[in-house]
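Input: structures, listed below.
Consider the two complexes below, in which chain A is the common component and chain B and chain C are the respective partners.
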Partner chain A sequence: MSNIAGKAYAMNVITPIRWYTTWTNKLFFKAALLIPETLKGLLTLSLIHYARWVIIPRDGFPRLDPSQPKEELHYAYMLFFSNFNGSWDQYVDSFTFAIPSGLDLFWKWNIRYPKSVPLTPFHDYIRHNQIDTAHYYNAYPMAASNDVKSAQKVKKALIDFNAKSSDKSADDFLKDYHMLLNNLQHDFGDMKPTPIVSLSSYEVKKRYEQTKA
Partner chain B sequence: MTTNLDLTDIQGNIIKAYGAYNFQKARYLFLRINNGDKGRQFVDAITAKVTTAIPWGKSENGDVAVEKPRVTTNIAFTYSGLEALELPTASLREFPDDFMMGMSKRKDILGDDGPSDPENWDKIWKEKVHIWISINAPDMDALIERYNWVAQQVEASDGGVTLLTGHRGGDDEENLPYQDASVLYDESGNPTPKEHFGYTDGIGDPVFEGQTNVAARVLGRGKLMRDGSWAPLATGEFLLGHVDEAMEYPKTAPSPMLLSRNGTYMVYRKLHENVAAFNRFLDEQSKSFSGSKEMLAAKFAGRWRDNGAPIVNAPDDASKDEWDKAFEAADFAGKKRMLTDFTYNNDLHGAKCPYSAHLRRINPRGSLEYGVKEAYETPGALVNRRRILRRGLPYGAVKDAARDDGNHGIIFMALNADIQRQFEFVQQQWINYANDFKEGNDKEILLGNHDTKHPSKAVLQVEPGSGKPPHFINNIPRLVETRGGDYFFIPSITALKLIAAGMVDPT
Partner chain C sequence: MATKSGNATALTVLSPIKNGNLGETSFADITRERCLRLPIHEESPLAKVPNTYLARLFILDNVFYESLPANDSVFNFSDITSIFSDSARKKALPRKDTLKSKYLVFSSNFHGDLDTYLTGVWEKWSYIDHEGTQRDVRHIWEHCVAFDRVTDASSFIAYIKRCQLDASLFFNGSTDDSLQEQLKSLYLKQEFTKFAVEHQGKSASEIQQDFKAFIARVQPENLEGPTWQAGKSTP
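Moving on to the complex of A and B:
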């Protein structure tokens, strides 16, 4: 079992919610999707790969086989699924510091949701309802999501630059090259195995050594 | 909200940076407790001389005030020290993991590798360090007098405590029984606020609720509010038993409340400065830099070396001249304000103060919103819980500026309510890593644990759209190395008395 792969952490939280109030949550989710402005805090938090909230109706849980008895569930459930860079504490802390009211809105009506501030009851709530990750694959263990985004930007810019610059004079080439560097000045971060995500996990180091081997 | 602190219960070094009160000299002692009973008696004897946070001289608002002492004394304990003093298990188990483990075991988080690895620390860190005692004084006479008094108490403990040796000194000593520190002096012998690289240090410590004269000091030092004003940080960020920025009592506080309230945690680090490497590096890099050498040095730190001018408000040589003139003309309060009251709102892209500059990394102020309007609940949402009080002084002298192997650096102490959330986070995520700054693994230029196998670089950003390329700093050497340290708990006066009496009762 590991929630950690490379620099990323996978978090699954599943919380009970009264089935007859889930429409309000769905409304909030829909509104958030329609008005991306409401998610700007989430989008600005650069450690997040993505976050997803899903309502699972009380009769909506999958069965492996029709012979598997149907569960009689009292509650519907809300699944929160996210991948992020950094440790559990760093992520949950950033969330509560940056977008406490947004969290309260998304988890509204969830059973025994304590609100995101103060911190400790929120920590306890998330940890209590977290389903640890059994298997987690990460294609780029050394990369944070920002590194992937930067790499994509640099790659595209270089291909474009190459296409445009082949026939230019030396002076124009230099001018364009400087412009290119200027445009990419926030995308030149190095990529190394550190930092470790948690002391109990040396996965980062191990993965790094695997990629070298 | 804490509006009045019980300053007679709080140790003075938490509230006061003694250096600011003209205490130019410091001596740090480390001791081992060999016997619980005798150890507690020793703590009792020291407690009688411990300096509290009570204001010195006349206070403006009629607070209780005492005469400024000739010398100060403070005391703190490692986790194993508290074990040796036989605190109840029910209290001990409630201390946080980071403090229980101690600094050397946290090396993978702190990036203390290579020359900073605990293997290479001063010999004293191979010992069982239990107690830290600090003595601060305006002159060596007062300091030595108090040191001799402490030595007498050690003697009187009859083997109960041992003053540990093993500090490296400036004359090839390997086994000094103390670590001395001192402000640096200019050529005419006047004290300066400089450290060995020539930077002006100790500007802009955080300001929190309950401190005196908050309104005048909070600009640029508290937390940035949405309307652009500054408010003091919550007391619980720096003192246990008080409400913190998450609207709760710090969970790092062991019970009973009397043991933890008004106490805090201290990170002690002996940081060696490679002066020759720094000078060589600055000389080399400035050859290809378009501004002056001093401007480049300011880019590394975020402040100009001579007077601490924040580079965000004095971004090049010409504007620095202007800034200096305004600084000259300003009164005392105006000067303070010019040094601390700024944000990066007009420098979102780092063209003035680079993302890798020391100042921006250790306190990004509101800049982690990246200009997204009202992205977070408050501009400092990702910053307000990562602040540390910084204490300490330079140590040693640079005898040969062409060599790195002398004994010179900074005794750095960080005080905070939660070592992992505050000090360790800043060290790991903001100094040795930069995802929050969208710079990948690019390290902070001055303090980063740069290593020759994977040479570091830094990007000094320029104005976007200007067509100019950013300036690249390459092959950054390890400029600062860890030479020792540990995590300590600084108890309140009440807690010291309970510990000394063996009366800690978590019930």
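Moving on to the complex of A and C:
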């Protein structure tokens, strides 16, 4: 099992939901798409690379051949996949503290969803419904989501600066260079492998070293 | 469509695994072991698939029974029937679902359109397994239902699309640039940070001269290189 790839953690959660109430969740998701401000809380958290919610109707599990038994389910299911930075606790807690009401709308009427506040029942619910990842790949294990976003700014600023200022007189160049550094203060940073924050990340590191040997 | 966010795409695939065994091991367990044994980081076969940001594989063995208490104000109202009889109380419990197949779940976040991406998965996915054998993508999907009909890129694309589920909401907290663009930007961020630290307090003409050499070395607009390798896990 490998829920961790560098600085990213892969979370998979599957929860049942009454098939006749899924339209409410779909409505909330649609509203979130149409009114991006509703996702501001998630953007502010700034620890997610990509996340998604998928609703599988109770007759919606892929059936590819008549030889495959047909699923007979009482419930529809909601899948939640996230790629985030930090530890499991940091992530789940930040949801509870930053966007509890939005979270409760997304999981509205999922069977036995305890709501995101208080914390312990919410932890229990996620842990109960979480599935471990067998293989997790991250194109930039040394980078957090914020690194990817700030790198985009650094690249643009560097190209613009080079075009505008590199051939100026040395003094004017220095003035512009200092301005560039000032503007990019929040975007610099030396990216390195993630520190060992848990036994699982230690295991991943050990496994990686074994494969490299 | 919620499966796209700008140029970023969320692919969710549930491929049913055949019920049955090979020797004493179920097809699901064989598939799980193959996923678990995939090399990681820059050695992962997904590092070779163009434009993969983050992706994962796991086996969905079954769904969970919701045995935990909760505070759902509307539906748990039926719990009040417990004051009448034990059987009414039991009926108020959540129903138990059991899947009849196990599913190989492949979830990927990538840049671009689905057909191009899946062609890349079919053509580029390769690795050497723990026994030293060269493998391609068929090794992972081998025991999935109807996968024996997949023979080329177009039948692979058609197969994956039959297993695909649409996302109701795809949240992009990063960028939707091409992976090459993201990796080049990360490389520049790393290198320019070093440059800025090393040149603190130096004279204007020295910084200017070194900056020109720096730009010639890092080639900011050349996405091909120098850059970070996909999956690069050490500086």
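Heads up, the rule we're going with is that the second predicted complex is superposed on the first by the 193 of 213 C-alpha atoms of A that agree within 3 Å, B and C clash if a C-alpha of one lies under 4 Å from a C-alpha of the other, contacts with A are read in each partner's own complex, and residues count from 1 in each chain.
What we mean here is this: contacts are C-beta pairs under 8 Å (C-beta built on N, C-alpha and C of every residue); 3 or more make two chains touch, one makes a residue touch a chain.
It should be emphasised that the depicted structure is a prediction, and the values quoted were computed from it without experimental measurement.
Trainee: Specify the outcome, clash or fit, for chain B and chain C once both structures are aligned onto chain A.
Mentor: Chain B and chain C fit side by side in the superposed model.
Trainee: Touching A:98, do we find chain B (first), chain C (second), both, or neither?
Mentor: Only chain B; A:98 stays clear of chain C.
Trainee: By the touch definition at the top of the document, which applies to A:147: first (chain B), second (chain C), both, or neither?
Mentor: both
Trainee: Check the residue A:10 against both partner chains and state whether it touches chain B (first), chain C (second), both, or neither.
Mentor: In the superposed model, A:10 contacts chain C only, not chain B.
Trainee: Under the stated touch criterion, which partner chain does A:46 make contact with: chain B (first), chain C (second), both, or neither?
Mentor: Both: A:46 reaches chain B and chain C.
Trainee: Please name the chain, chain B or chain C, that touches the greater number of residues in chain A.
Mentor: Higher number of touched chain A residues: C.
Trainee: First (chain B), second (chain C), both or neither: which does A:56 touch?
Mentor: The answer is second: A:56 touches chain C but not chain B.
Trainee: With the two complexes superposed on chain A, say which partner A:119 touches: chain B (first), chain C (second), both, or neither.
Mentor: First partner only.
Trainee: Working from the superposed arrangement, determine the closest approach of chain B to chain C, counting only CA atoms, in whole Å.
Mentor: Scanning every C-alpha pair, the shortest chain B to chain C distance is 7 Å.
Trainee: Please identify the positions on chain A that touch both chain B and chain C, taking each partner from its own complex.
Mentor: On chain A, the overlap between the chain B and chain C contacts is residues 43, 45-47, 147, 150, 177, 181, 188-192.
Trainee: Which residues of chain A touch chain B in their complex?
Mentor: Within the complex, chain A touches chain B at residues 40-41, 43-47, 85-86, 89-90, 93-94, 96-101, 117-120, 144, 146-147, 150, 175, 177-179, 181-183, 185-186, 188-192, 194-196, 199.
Trainee: Touching residues of chain A toward chain C in the complex: what are they?
Mentor: Contact set of chain A toward chain C: 1-2, 5-6, 8, 10, 12, 14-16, 18, 25-26, 29-30, 32-33, 39, 42-43, 45-56, 60-65, 67-75, 77, 79, 81, 83, 106, 109, 111-115, 121, 124-125, 128-129, 131-143, 145, 147-152, 154-155, 158-159, 162, 166, 170-171, 173-174, 177, 181, 187-193, 204, 207-208, 211-212.
Trainee: Spell out the residues on chain C that touch chain A in their complex, using ranges where they run on.
Mentor: Going by the criterion above, the answer is residues 2, 8, 10, 12, 14-16, 19, 32, 35-36, 38-41, 43-44, 46-47, 52-60, 63-64, 66-72, 74-75, 94-97, 99-101, 103, 105, 107, 109, 144-146, 159, 162-163, 165-175, 177, 179, 181-186, 188-190, 192-194, 196, 203-205, 207-208, 211-212, 215, 220-221, 228, 230-235.
Trainee: Quick check on the complex: what are the chain B residues that touch chain A?
Mentor: Residue positions touching the partner: 106, 108-109, 111, 245-248, 251, 349, 355, 369-370, 372-377, 381-382, 384-385, 420-421, 425, 428-429, 432-436, 438-442, 454, 456-457, 459, 461-462, 464-470.
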